[in-house]
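Consider the two complexes below, in which subunit A is the common component and subunit B and subunit C are the respective partners.
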Partner chain A sequence: MAVSDSPPTAPRSLWAVRAALAARSFKQSWSMFRGTRIGIIGLAIILFYLLLAAAHPILMNTVWDEKIYDPVVGYAFDETRQPAPPSWSHPLGTDPLGRDVLSQLMYSARSEFMLGLLAALITVSIGTTVGAVAAYFGGVVDTVLMRLADIMIMLPGISVLIVLSALIGVEHFELALIIGILSGFGGTGVVLKSQALSVVVKPYIEAARAAGGGPVHIIFVHIVPNLLPLSFLYMMFTVTGAIFSEAVLSFLGLLNVRMSWGLMIHTTESAGYLLQVGEYWWLIFPASLSITLLCSSFYLVGRSLDEVVNPRLRRS
Partner chain B sequence: MTLDIAKLVPSLDSRILLKVEGLRKYYRATANRFRRNRGLIHAVDGIDFEVAKDESLGLVGESGCGKTTTGKLLVRLIDPTAGRILLNPGQQQPTDIATLKGKPLKAFRRKVQIIFQDPYESMNPRRTIFDTVAEPLKVQKMGGTLEHLDRVSHMLELVGLTPPSTFLFRYPHELSGGQRQRVAIARALIVEPAFVVADEPTSMLDVSIRTGVMRLMEELAARLGIGYLYITHDLAVARYVCDRIAVMYLGKIVEVGETEELLQRPKHPYTQALLSAVPVPDPTFTRPPVRIKGGVSVPVDPPDQCRFYSRCPLADDFCRDNPHPPLEDKGAGQLAACYKA
Partner chain C sequence: MARYLIKRTLQILLTLFIFLSIVFFLVNAQPGDISHVYSLNPDLPPETRAKLQDLFGVNEPLWKQYLVYVKNTLTGNFGVSFSLYPRTVADVIGERLPRTLVLFLTATVLSFYLGFALGKIVAWRRGGWVEYGSTIGSVTLYTVFTPWFALMMIWLFAFRAGWLPIGKFLDPVEWREAPTSANAVFNQMIITMIVLSVAIFAVFLFTTRKRVAGARLIQAGSIVLTAAVVAGVWIASGVAHLAWDIVEHMILPVGTLTLISFGGAMLLTRNSMLETMREDYVTAARAKGLPEKQVRDRHVARNALLPVVTSFVFSLAFAVDGGIIIESVFSWPGMGQTLISAATTEDLPLAVGAFVFVGIFVLVAHLAADVLYVYLDPRIRY
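Showing the complex of A and B:
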């Protein structure tokens, strides 16, 4: 224990104590996480893509000429034939429109992260609140929220997104919002409610009520913190879902974005190179492999977090 | 039929802390869309009792007789179907707890607290001991964080968790059962309540530390002038802690009296049967044959007769044809609800 024997009196020391406690619990979880191996593999892949995303603006400002390497409007004047195979100046070749594939890949990584994390954050904030509120109040509130959840689960996600993008012109932010609402009020909310149901019957909830705590106090001080490990897990799974949906939509050309991995495959397809994978591999593999790797890396991290928060899955 | 003790013993009047009159709680049995009105479970069925300042009243009875429901009604964790709960009835304007709402209810929660049975489940595992004990202060907005720290430290010392600084920022899982129950007591007493409902606070503890916790509660009651309602199924615990004992059966109080008097000379046949079931540490002891028959029934729409009628060895036609007997003085301030005793 990092607590001195004299009772802490200054508020600063109180915060210091809380920080020390948080650090200790983080350390414990981290050592468990490290023991799962698949989590470390996932984390390594995520870090690799984070580095790619961070390196892009640096490269653009230093070594890469904007006219040639811009992911959207650049043109590889140094190549005679487009799409050009990988070379020293274009490590992953160029696409049918003469744009550098590596630059596109790196540029898109950042928006994939933003999309995934934003969708996950929205999903989990909505899902946790819906779950806690439905479980705590029960009755009519519960019925309304759960029937709403049924509707959300019933809606076929991708088809709804296609219709919506046709209607309102979906960009990354809207996409994250739609995914977050569909999943937060839907499946994620239901799962978190089932967890919240096992929390609301604990005597400490009654003790909080006997102390005079209102619904807001009980939901956000007692129920939500006990849901957080599970919400965090679902956050990881939502990232995977969001990146995948984005890829599907931009492959179909339904997403109003400048550049993304799905759009890279879409460009390949519309130029007629999709079925010549053997010959023009650099047009398909970098983007599709990235989608697969990043999706599975978040899934792996999620699985490993599942082991951390769920003692029954832990190997001794 | 309500019996007014205050009339019998006028000197008690100003000392009475809590007065319960005709308290009832009915639950609907299996209510759903397709089967309406399957009857009412009379969990607590019109009980009257009083608790004096720094007195502890024991509420004993078997599982399912309504002890815990009574306790939760008194702290308004559940709302009563009918009846009055008066705090400080001797005062000019006693508060009727039974109908409080909103702000007055929140203010009332400072005066009455509850200690739960299970020290392992009654604390949020993600909150430190300081957070747990300071919670009532925080939700009642009593002072700032620094003041909370002082008061919590002081209270931990009072319940015997010394030095407090080694306990303040620990999590419940780092403490033993006895220590946790002391934390639960600290949480209940931090707002300086006048009345505490203790719902079997020692039943989940090892026998070796029970006395310690019981003695602590007695000591604090004397020191802080707290009245207890001590809910238990263990007559030995009740005898150790309580000044008076009330025996409950199927939602009714069947006998009330001074602890020793009641245990030595039980008047009601149910109390007699309950006492005859107490284990005796003597291998040569042969138990007199149990005179009551059957088991505890469920009080769904009970017939208007003595609740104990079907099991009572003394019951006759008079008991069958008349309503549940009122609590009557059977000598020395001992009340029993029985026509035959």
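Showing the complex of A and C:
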């Protein structure tokens, strides 16, 4: 990867070479990824929920009447009693407040994805920077950052979020920020630092320094790109954590959101249908199963990426 | 070893101090203060309002308030709970901390024991359906939406089958004419548990270290004997049916928490075993002609235990969170439920107090895990 920034004298430009290299390594990784069956299962589940999320605005604009199918303020006028069992017009029935469960499920899928992506991006940008900086400078900077990481690792995330939700109104953005800070300065930062340590001692870092590159240049141009595969892996685990935390908090009724899978179960609970699993299965299973499936799918993808990135786990 | 312990304890005290400070400044960063709850009353004359603010000390400079807060926290004075007025926060926590400790410790020990035992078998049979099925199973347990899983357990074992009570800590009907308080009985139960486990552990240690002949027989005999003695003492005390009531309420939450932590422990053990199996000394042990079971248990599993313990330290926060969720679903009146109900009723002194105690608990558990690690790995000497 140590391609210097000299003017391109070769017939192919620098970017073309880089793109070709990237494509080749992607192809290799993909074939390895395909070999792990669990990764494919996870990817299929993620794609399924992406489709659900994408289909919701389309359905709302074409087939579904907004008065009936709105996930938050809609009311199923066509049913005589709520919660109504599944029918052709409401494939997953309605909730105790007369809202369509399928519509709620699809609407929430989009915000879960956005929350997961946001939390993962914040985590990884903090974690990669922390790891690279700690590994590059060492000494006092390293000590301070790693002691901070110790504290972050010890903090139980859900408890922190519960206390914070009593103090400030927590919405999706705040949630993603808190998760990102906890995990980025904590566990993810530590793992990325240990990887960065093996990058820092490579000859091309020495070369960059000899050529007069400053710390900022070296960290962001030479160290961070080499951490990206591992940080991509940790993005997957962060998504699992973020979706799980969101679901738990909104299940406990501590989150300021309009609609989410956790909130759907919270509604079921406060209406008193929680233990009637047999009679009112559509109030409990769709949302809970979605949370479980989406969490485990990102986890499975992360696990199989782990086998791709980490040569020690490969089957020989 | 002693030096390491002192250093680690100092580090943890420093961490605790930073943690307390963060909590204080978080609370103080909020607009308004506690005196507003009273002084917003329009009937109050201005001088009363000023007096109230003096009384609460909210007019003092922030650093002075901070010092008072640190002093109060260190002396265990967390103030008075709003929602459970006039009980003090320390009193509420003193009642509920043991319940959480028992729930958490039992489940953690059980899940790691089971996870390790099963994980090493699964790693040994790589590629078969056993590995495939158990991996999927533990991933599901690891990522399952905890409240839903707990609900399903309640529904299955308590609601449909009716074998166990649905939630809560005890059955009020049984306790109406109880001679003692629930906490007294519960504390006796904790003491019993500790005595029982120490006795059994000592016997196991003695028989395996000294290689006594008929070790199995002695172990089984000692378990039966201690159990009989404990049962006899309890029956003689006359509150055995009350203790049994608490035990009945404990089975389901402990079981659920065990299952949830079990998945993670098993996956960890499996991965750690797979990495250890590539070491040269494993090949050497096989080449010597040792039986497979001995290679697995003596040569691979023992070395594979170390990363599991390390990761256990990292997963502690996860386990504490799991405990909090379980407590809220099972209405188990421990620290987690206290934290959640304090947060939802905006009972700030109780929320902060419970949070500080959860933090202290995690810190102490970290210290314990560190010490255990040094004990397990003879290569580490401080």
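The working rule: the second predicted complex is superposed on the first by the 297 of 316 C-alpha atoms of A that agree within 3 Å, B and C clash if a C-alpha of one lies under 4 Å from a C-alpha of the other, contacts with A are read in each partner's own complex, and residues count from 1 in each chain.
Note that a contact is a pair of C-beta atoms (placed from the backbone, for glycine too) under 8 Å apart; a residue touches a chain by one contact, two chains touch by 3 or more.
The structure presented is a predicted model; accordingly, all values stated were derived computationally and were not measured.
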item: Touching partner for A:Leu300 - first (subunit B), second (subunit C), both, neither; value: second
item: Of subunit B and subunit C, the chain that contacts the larger number of subunit A residues; value: C
item: Touched partner set for A:His222, first subunit B, second subunit C, both or neither; value: first
item: Which superposed partner A:Leu14 touches (first subunit B, second subunit C, both, neither); value: first
item: Which of subunit B and subunit C A:Leu254 touches, first, second, both or neither; value: second
item: First, second, both or neither for A:His56, with subunit B first and subunit C second; value: neither
item: Touching partner for A:Leu167 - first (subunit B), second (subunit C), both, neither; value: second
item: First, second, both or neither for A:Leu155, with subunit B first and subunit C second; value: second
item: Subunit B versus subunit C as contact partner of A:Gly213, first or second or both or neither; value: first
item: Footprint overlap on subunit A, comparing subunit B with subunit C; value: none
item: Parts of subunit C lying in touch with subunit A, wherever the complex brings them together; value: 15, 18-19, 23, 26-27, 30, 135-136, 139-140, 142-148, 151-152, 154-155, 159, 166, 271, 274-275, 278, 314, 316-318, 320-321, 324-325, 328, 336, 339-340, 342-344, 346, 348, 351-352, 355, 358-359, 362-363, 366
item: Touch list for subunit A against partner subunit C, complex; value: 38, 147, 150-151, 153-160, 162-168, 187, 240, 244, 247-248, 251-254, 265, 274-275, 277, 284, 288, 291-292, 295-296, 299-300, 303, 312-313
item: Complex interface listing, subunit B residues touching subunit A; value: 72, 75, 77, 105-106, 109-110, 113-114, 116-118, 121-128, 132, 135-136, 139-140, 145-146, 149-150, 153, 163-166, 168-170, 184, 187, 191
item: Residues on subunit A engaged by subunit B in the complex (per definition of touch); value: 1, 3-9, 11, 14, 17-18, 21, 202-204, 206-214, 217, 221-222, 225-226
